[in-house]
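Two complexes come next, and they have one chain in common, subunit A, joined by subunit B in the first and subunit C in the second.
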Partner chain A sequence: MSLAEDTPPRKTGFRFERWAPLILLGGALVIYVIVALATGQAQYLTFDNLIAILGRSIALGITAVGQTFVILVASIDLSVASLISATAVLASVVMDGSPAMIVPAVLAALVLGGVVGVTNGIVVSVLKVNPLIATLGMSLIIQGCLSAFVSNFAGEVPAAFQVFAYGEVGPFPIALLFLAGLAVLAWIVLRFTKFGSDMYAVGGNEEAARFAGIKTGRIVVLSHVICSVCAAIAGLYLASRLRSGAPWIGSDGVYDLESIAVVVIGGTVLAGGRGGIWGTMAGMLIFSLIDSVFNIAGVDSFAKQVLRGIIIVAAVAFYAIRSKRIVA
Partner chain B sequence: MTERTETRGLFSRLPQINPVWVLLAALIVAIIFMNPGFVEPTGYMNFLKRAAPLAILAAGQVYVITSGGFDLSVGSLITLVVVGSSMLTNNDPTATYWVIPVMLGIGLGTGLVNGLVVCFLRVPSLIATLGMMITLNGLAFMWSGGAPRGYLPDTFRFFGRELIRDVPLVRFIPVSVIVLIVVVGLFAWLMHRTNLGRQVHAIGDNPVAARLAGVSVNRTRITAFMLSGLSGAIAGILLGGFAGVSTDVGTGYELQAITAAVLGGAQLLGGRGSVPAALGGALALTAIFTLLNFLGLPQPVRQVVQGLILIAAVALAMHRRKQTGT
Partner chain C sequence: MTDSAPVIEMKGITKSFPGVRALSEVSFDVRPGEVQALVGENGAGKSTLIKILSGVYHADAGEVHVGGEAVHFAHPVESLQAGIAVIYQEFSLLPERTVAQNLFLGREPRTRFGLIDGARMRAETREVLSLFAAAGRIDPDRTVGELDVATQQVVEIAKAVSTGARVVVMDEPTAALNEAECEELFATVDTLRKRGVAIIYITHRMREITRLADRVTVLKDGEVAARFDEVPAPDAIVRAMVGRDIEDFYAPPATPDEIGETILSVRGAGNAMLHDIDLDVRAGEIVGLAGIQGAGRVALAMALFGQTPFEHGDVTLNGDTVTFRNPRTAIMGGVGLLPGDRKAEGLVLMQSVRDNGMLTSRAFGKLWGSDRKNAHADTDRMDELLDHMEIRAASYDQDIRALSGGNQQKAIVARWLSMRPKLLIFIEPTRGIDVNSKAGIYHLMRDLAREGAGILMISSDLPEVIGAADRVLVMQEGRIAAEFPHGASEQDVMHAATGETGVAA
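After this line comes the complex of A and B, so read on.
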């Protein structure tokens, strides 16, 4: 084993992995400024515009926070996109324009998220189904059930709930503050609680974690619940922003694959056990900056897609190329 | 080995049959029950014809899965091949003869890039082929300007659509079924009768051990991705013959191919996989869809059933492995 994987760590004071997300983020920011100046559009360099850029990727950010938890325990969740659609539709149908129903609707969405998360977690940890397959199957099931009942915009979100997406406190949108709060909360859980360190242990080496007395199944189920609840919140946010739920909003946003890409660009390792929440936030910022660069530069939308695919791979390669292990 | 199975009797040998064949047999019985016309050549030949692209795709996917990776890029590769063919042939029937080799080349090239990215940039194949999927989809849109136009000439659609008539025993054979037999036969031979197949299994099971045993891990992995890309291009050429030109012909095929391979007992993250069993998985998946169609169930229900089957198949495989201790 030592031949391939355990080259002794070099004692340099600078840990590349730790700073890589910031280096990438700095690079994206520099490119953004250069493109804005080069095309003579300095109006894009204001504080308000920065907030606007962030505002466009809040749903992705919330989903990615949850995705970070499952990837840290070496699992993955492909069901978030259809869960987002399902909770958005559920919430907007339950509310149906009446402010009195906001609390039941939010609870219903969160409970749905919890149930999906528990199911995913049990299938992965008890039935030992590969998480990719388990959550992919779950995604098909949710999307199928959803489109059996709903084929268009359904229900209506009352004005009082649209505050979640459109309200502002001072210069900051409420949703952005919410995302920041969620990230801080996630950071506290990962950094300072037993559950957090157990997650890193399970992700690093599940068998060793079990021998050390950690109830690994419980940790995996719990991180799946967190992920699904985050997706449910993202669904609530999108329902609030679009003023109604539709069965395609999750899959249209490609939230499943994009949230994984954001987490990985943020330096969390797909194999689990290494990474963190601030990397994910940096990944989200990088994604939205890249999108803004394309918009400012007026890149054609198809070419944008091509560049996006290349950038995702290049960003991951930026970390991975230094690793000595054999990947598949 | 033979001694043991003999002493354990006939019944203990039963579980050694890959369950996918049992599933397929049950499904076919159910289909015949629903629609007796299925035993006629028109019935089963049309079934095979419809299953051909997925079966070929699954045969390629098995290589990548057995080597320990995933190939998510084949669905959008199909789209690119169909759209690209319609742009290149430009309604000229004589163009088919050079367009098809170009498309096969695009398939191999896609696989080569996937393999190089995984091996040398060390990007996990899930992300590498995901990036390729997004990129190829974008390229298909760019090439067609967003709205694909024109039709594929009949010479191109020959492979997907035509029948060879007056064949003894079965009356007719669709060309796509012949392509299916040739390609899957070739892939099965490569996988189960040559060194390449053994090396693919070895690097999927334990890459470090394989390297120490002298296997060129990178070369084997790149070959697996190239075979998967080739299968995607062939499936695209067949699908171009069935259906019209659109920018979503390939959508969802990558997941169906993985489902088929997994139904056939291929082990995710590598080390175990069989081309004939993947063919069985692809046929079983198509049979399930056919059955749901006969039952008059709408598309959403098909999705739910596909999801349940996917989870159940893997859960069952894991259960069997725990029991047999392998």
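After this line comes the complex of A and C, so read on.
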């Protein structure tokens, strides 16, 4: 406080932090267009192609919506990748090609997500285990159980359920519309409900939230449930897309770390209490655009990994330097 | 206000912690529309008493009555619902949320669809804020983190008012405020008092007691040492707090032969925040820096310490021309700095007293070799220094966060002594420290000066700068505006600091 006494008061009006994800997204879009034009591949600049780019990030987007909730309450979830695999396999095995089993399979996947979320939430908020460790443990447990039962594609998703991944309404894939709907729902919850307001309070200052009469433990458990249910939905989507469930689809997609990266690139603070869903959506778009740029430019897949790593760190550094405070 | 029945009555409150009796048989009451000052040294039991009142702790014996009814708070929320709001030094506001969101935290008004009624929240926030002088500066939609400390405090108080608090407890509310902000706070307290709110006001500063209090209760060693139904002379309060007269509160000023050669000399230096700085500090001398907040005192300290370096001008230290581009070069050059915010800038709270003392010396130690061989990282010598500082700790292996503010400050001094600095800069050295320890710090600074160091002391406590320093420099808008000798009148210094008159004594 005393060090800050001679700095002028911060200007109001334009708040960089609020718009940073959009600025980054704009930057990514410009790079995409430039690379497409420079390599003479203007066919990538069509509406259909844009939809296709988005379509590749649906699972990541759904997972990241959930991850936003836990990170906002200053928790984190590393078990989403394993849970995605588990729910994909579970749904696929329960359906086993029979359209009649779609509803039970979806319910089973959602219930599994709910149970994992409640467990994560209780371990974090009641047993006070650091969320990194709690959910890492959960991830190992899920992956271990899964590997004990299946080692290859298991079950079969009936054509009726493949509509989730492949169906279209007009020019839009159903899954994309679903993700958009999910994001709007998340926005409403965060912006206009008491639960959303309580989440920001718990993430911002748990002690203050408790003193204000908020049942902080319940808020943490609920956000973990939301996160795990989102992961379960992502698992269902992947089962639908791959037409069967496999025990490696979650870890292959690195959905645990990538969903965290997307949330953070979207401006949500790892320490909790600040951020929102549109940032996460922007983060997801940035990620897909970057991937597309690499594809168009024909970047080697290992170099791609290196570049993604650099971009994640650079994006967070960009926030940190501009907003003069620790972001993540 | 006509109602003089106490809104809060605490009777025979006793509370022990393992090994300590924090409170014994303390009785205390507050009436609506009065400001009751609660004073006492750190550890006297003020915080414990407040925590029992607010339901954080439970008393071992005794009763708490609110509005005539006996209550047993199991949780802070229950005391809040009973109309007791505590404003802690560390605010309980959420910096990322708006003013309105903070005011209605946990009790947001809802529309009939169950969603949060943002419009009503804003309107009610405006209504509550209109009670305060600062109302015009506060937009309900502003994020709290964007507001300055004083305004945040207004928001915190407004939050208490909006919950319908009958009793507001303020724990050293002026600790982080400058003069003008203090005045505004006093006005706010007056507003609350007029509305019939009972105020428990915890402070170390006699001036605030004289200005605000209707009654005074003094705690000492967990007991009520004195109770005054009218505010007595400050001496009487201090005597009750300490249990004896404080003689030699400030160490005597330096005699002419104690003052040696010039250690630090700054000529025509400046940067974005400082202009035309001419400054000399001699060995054996304590130079005080006074000024309102934003006058550039801290900027000057940070320039000397290399944190925000001078961009032009000459600095000589012990006769050598020096340019400090960062704190590390400044430390190597012989400058030490005790930061103003101990917890945030000075200490590693989770580490031991000894480790905190050795923070700087280790940073300059050799990479290899055992800590005993390494001259910079000699733990035995650090223990000697800590002994020399008379730090009261169960053991130097104890976490430093358990120590009182005064002892923490001494550990930081020990840290610098291990570096044998030529110039020591103290920023707000006694902030949040009790009266007895304050005297200890003043005498310590004097001892350091006698041993040949030059000392630059920045303080917002005017009597302190005037009493503890040999010379007082007054800063204003990044310049040194005036100089006063030891014992100048507070009024003259204040005038120079606010720019009403620029006449140097």
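The rule is short, and it goes like this: the second predicted complex is superposed on the first by the 311 of 328 C-alpha atoms of A that agree within 3 Å, B and C clash if a C-alpha of one lies under 4 Å from a C-alpha of the other, contacts with A are read in each partner's own complex, and residues count from 1 in each chain.
Methods note: contacts are C-beta pairs under 8 Å (C-beta built on N, C-alpha and C of every residue); 3 or more make two chains touch, one makes a residue touch a chain.
Quick caveat: nothing in here was measured; it's all calculated off a predicted structure.
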Looking at A:M138 after the superposition, I want to know if it touches subunit B, subunit C, both of them or none. Which is it: first, second, both, neither? first
Once chain A of both complexes is superposed, is A:A209 in touch with subunit B (first), subunit C (second), both, or neither? second
Which partner, subunit B or subunit C, touches more subunit A residues: B
Where does A:V264 make contact in the superposed view: on subunit B (first), on subunit C (second), on both, or on neither? first
Please work out whether A:G273 is in contact with subunit B alone, subunit C alone, both, or neither, and reply first, second, both or neither. second
Answer with first, second, both or neither: which of subunit B and subunit C does A:I286 touch in the superposed model? neither
For A:K194, decide between first (touching subunit B), second (touching subunit C), both and neither. second
A:L236 in the overlay: touching subunit B, subunit C, both, or neither? Say first, second, both or neither. neither
Taking the two structures together, which residues of subunit A meet both subunit B and subunit C? 1, 3, 5
Can you list the subunit A residues touching subunit C in their complex? 1-3, 5-6, 9-10, 12, 15, 188, 192-194, 197-198, 200-201, 204-205, 207-214, 273-274
Please output the residues of subunit B touching subunit A within their complex, sorted ascending. 67-70, 117-118, 120-128, 130-139, 141-142, 146, 203-204, 207-208, 211-212, 217, 221, 255, 258, 262, 268-270, 298-311, 314-315, 318-319, 322
Subunit A to subunit B touching residues, read off their complex: 1, 3-5, 123, 127-130, 132-134, 136-141, 143-148, 257, 260-261, 264, 270-271, 300, 302-310, 312-313, 316-317, 320-321, 323, 325-328
Looking at the complex, which residues from subunit C come into contact with subunit A? 76-77, 80-81, 92-97, 101, 105-108, 110, 114-116, 118, 142-143, 146, 148-149, 176, 273, 293-294, 296, 298-299, 302, 307, 339-341, 344-345, 427-428
